[in-house]
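Dropping the structures in below, format is structure tokens.
Here chain A shows up in two complexes: once beside chain B, once beside chain C.
After this line comes the complex of A and B, so read on.
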């Protein structure tokens, strides 16, 4: 009888080679100069370079805006989808989820073409549009999942105790769906910070995001600085994840 | 006179997807009463409670609260509160905030809220738990909080939906006593839903026995136990043996092949009846002195307080007997049933009566298919008639495909020497069948009836 733990060995190797090793390499490169000597200059360079810092600030700003718009649009959509009164078939859910089946790059290119055709100037507006279009399903789905699984008896109990439907929504439904919203934020906010294709196609690189400068540095063989930027981003992701608290572990949202 | 009653339910009906869940429900609740809706699962009792709470809108009928029709009022505007089966305590609020939920919505001053919540938590013995999260409470504690959360609003009526079903036996017994005590202290009307007949007998002032969406009997626990109106109630409440009998004349009934004196009158002469004998009412002794009939003990099981025995009687019936003394299997015993202890009930039906339509001289259509039978002279094609089929003339087959139509064993009753089954056909019709074969509830069966066993009669009116 083969022990069950031995079955995990192939996965372990895969993780080592494709997850742990690249991460280690990023850290290693981030603290080296071009000739392989240990240095902190890559990091200090970032914090003293106003261009990089402002790009970073813009990235965070865009990410926050995108996440907020996704919540504002996604929550009602998820609520309607999860409500059996309004949504009697799974078709509507599929319609909302379907864009995710198509490659994001393709969708973005198509969106850019659409704007060109309509003669709309590319800029921040189009960038946000593209991002919301891309990431909305990732917000809807986790919220939809929590709402769908939510025990209907909580809402009934609140109503029974005298809460009008609107009060039930604010005092019961919203607080109980927070894990789903958190999950959605995690799935929208972080990828937005590191995205570069959307800003490239939808603003013609007029607006640079953090992902864009990482990509530019790596493309122009500035491996060490690129790695340092990636490292800084990883640290931020790490901090955000911690910040979202332990309840994230039991969030019912889940990745598709 | 509806004002005398705090709740008055009038002609309430409800269907879900074409299936009638509640059928013309009528009853009233006196102020301060502890009333229990009792019935097996699927009998409609929870739907009825949810209609009173306002979560289900009735198709027909009215729910009167203190003389006012509340059928159209949404749940949050009804002065009623519910204790839910799974408690439904809000997981994001602590014990205090759960209990205070209703009071905060009423925008009462914080001081008053605090004093009322504390008073109520004290009543349910949960004083030191105010700041605890509800997830950290045991089932029994959650139950107490749920009761406090509902009662703190001083509802006109408290609705309880199987509140003790999730607790273990010992805790359930304790909570029953506490509930009764809370009811006495608060003086609030309780409407309680349960499938547990013992719980209903323990707690209630009045019991409403329900089955298949209809009220079977309303009465005090003693009435329901001692004088069940039909075989369903007799079988559902307590242990009993239900037997076919014949009312010979007033105060004289024949069953198990013997004549017995009884106290019932007014049935007429030689009328077929159902007879209920409670196992504790059968006197058993080893001597034949004073015995009305004899039997041989077949099995004997110790049940804690008493012994439960099955006795084969001299005429081939099986009778359940409970006694403080045990009798070894194989012992010949003398048996006696006092006139007071024989409960005689009118039979709901003496044969299957099915609506049918004549197709031609040799066929009728009924129960959703065509049947061969002898259609008597004088009937024409398209005539609406009734087909009568004796209980023991319906054949049940192991495979649904082998029968003319399929069905499911819906309810079964042991009648001392045979089983009386209620079969629900695939089309939702009922058939009643007497059989010696053993079936279980939920068994799928094929149904067949021989042509000569279908008797065609004219429909009245």
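After this line comes the complex of A and C, so read on.
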């Protein structure tokens, strides 16, 4: 199979054109003004514009809260699902993933309507609820995967050596499941910051997230400022991925 | 006791996840324009959906058609591109393999909006007019990595000697590919295809940025525009209910087949 390695070339070219070049274009447009001259004004505009900055702060805040709630709710669920004593069938796991097959916008709109019917005012609370509702499966699944693949003999050894169940959980299970939690965070945090549509529907446009202002700028032909905002997001993604890079390779397969 | 508590917790979470879906399903059986106000049981919305008698019906039906067609084309192309790529990547030397895998991870790590905006800028930059073709290209971009990721494990599980043996026994490389390699990779290709298909079906942000201004709508962009106009087309309720039932039936079949296959091997 010596020459088979050349089979990667079409995909390499494809990715250079459709993945690498577009990302470079974000950087290019972010540092250009409308007439194509180099400028830093898009970036400095962001840091001096209180609207953009407060939207950014709110997005990060909502994303942190959403991620924490997803871990708090999702970890026990993943643990129960992965525990053979409590759950014998894979069907329950599939039940958690199934809502994802229904159009996300439709689900979100139905959630908003449900709140309306119950007389709950749309705002921060409903936004968080909707976000948790949309992203919880993305937290449960990778954690479930790592817990499922975990070598049970460590926990058994700890038990045999006299550790209490609670100690086994904190000293063995939790540390070993960190890669799953990490890839869960990766799949919840940045996507929350960048959602548009969902935040509009769940708050009646009262709360804007970072994704919304990117979309507004691109759609009103302010490409350069839109690209600058996307660039800022790219930088954050780069930092978070590098930060967990070493762990990510171990969590292979957890991504899905 | 503990077990009951654990079960309770799981069912509570599931109830939360399914509440909005149930809400849609219940209100698909009434004629009212908005969800939440019940105007008596009726199957009128289902009739409207099937007779095409929907307000702006042609638009909704063509959105459904576009969604399915784009997902099929994108998934098919991704499966071919991704499988060929996986075979290539698998045979690369360590360093180039890592580099390719890193590139392959980028579209999966990037939030949709980044993929969407970056591809939008690409098509603007290349002066490529946006429409059906650009949407399909964009979908192939974010779908292929999932195919690569599901075919790769099949390659490493495979015994390389089988392929060599086929060649030694006089098979041409083409025959060895068709008769040995592809059958071994098929499960990975199928799950990659399914994943690509569902990713494409569910996409909103990338389509939104790459569809241009030719009036191309998928289900997601249709729903988005509909909701911004104020008030969803009521016929979306029966449509979503039917899609949900279809997915449910498919998953039950897949799971039954899966457990039967498992039992057979055990």
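One rule holds for everything that comes next: the second predicted complex is superposed on the first by the 251 of 256 C-alpha atoms of A that agree within 3 Å, B and C clash if a C-alpha of one lies under 4 Å from a C-alpha of the other, contacts with A are read in each partner's own complex, and residues count from 1 in each chain.
The rule we apply is simple: contacts are C-beta pairs under 8 Å (C-beta built on N, C-alpha and C of every residue); 3 or more make two chains touch, one makes a residue touch a chain.
Predicted, not measured: the structure shown is a model, and the values here were computed from it.
K.L.:
Superposed on chain A, are chain B and chain C clashing or fitting side by side?
P.N.:
fit
K.L.:
Just chain B (first), just chain C (second), both, or neither: which does A:175 touch?
P.N.:
first
K.L.:
Please compute the chain B to chain A to chain C angle from C-alpha centroids in the superposed arrangement, rounded to the nearest 10 degrees.
P.N.:
The three centres form an angle at chain A of 80 degrees.
K.L.:
Is A:5 in contact with chain B, with chain C, with both, or with neither (first, second, both, neither)?
P.N.:
The answer is second: A:5 touches chain C but not chain B.
K.L.:
What is the contact status of A:235 with respect to chain B (first) and chain C (second): first, second, both, or neither?
P.N.:
Neither chain B nor chain C is touched by A:235.
K.L.:
For the three-chain arrangement built by superposition, which of chain B and chain C touches the greater number of chain A residues?
P.N.:
Between chain B and chain C, the winner on chain A residue contacts is C.
K.L.:
Applying the document's definition of touch, where does A:191 land relative to chain B and chain C: first, second, both, or neither?
P.N.:
second
K.L.:
With the two complexes superposed on chain A, say which partner A:223 touches: chain B (first), chain C (second), both, or neither.
P.N.:
second
K.L.:
Looking at the overlay, does A:211 come into contact with chain B only (first), chain C only (second), both, or neither?
P.N.:
Once the two structures are laid over each other on A, A:211 reaches chain C alone.
K.L.:
Quick check: superposed on A, how many Å separate the nearest Cα atoms of chain B and chain C?
P.N.:
Result, nearest C-alpha distance in the overlay: 15 Å.
K.L.:
Where on chain A do chain B and chain C both make contact?
P.N.:
none
K.L.:
Quick check on the complex: what are the chain B residues that touch chain A?
P.N.:
53, 55, 74-77, 80-82, 84, 86, 88-92, 101-102, 105-106, 149-150, 153
K.L.:
Would you tell me which residues of chain C are touching chain A in their complex?
P.N.:
Per the stated touch rule, the residues are 3, 6-7, 9-10, 13-14, 16-21, 23-24, 34-36, 81-82, 84-85, 87-93, 96, 100, 103-104, 106-115, 117-122, 124-125, 137-138, 140-141, 144, 146, 148-150, 153, 160, 163, 195, 198, 201-202, 204-205, 208-209, 219-220, 223-224, 227, 232, 236, 240, 243-244, 247-248, 251, 255, 258-259.
K.L.:
Show me the residue ranges of chain A that touch chain C in the complex, using the header's touch definition.
P.N.:
That would be residues 1-2, 4-12, 14-15, 17-23, 25-26, 29, 73, 76-77, 80-81, 83, 85-87, 90-92, 94-96, 98-107, 109-111, 113-114, 116-117, 133, 136-137, 186, 190-191, 193-197, 201, 211, 214-215, 218, 223, 226-227, 230, 233-234, 237, 241, 253, 255-256 of chain A.
K.L.:
Which of the residues in chain A end up touching chain B in this complex?
P.N.:
Listed in rising order, the residues of chain A that touch chain B are 151, 153-154, 156-165, 167, 171-172, 175-176.
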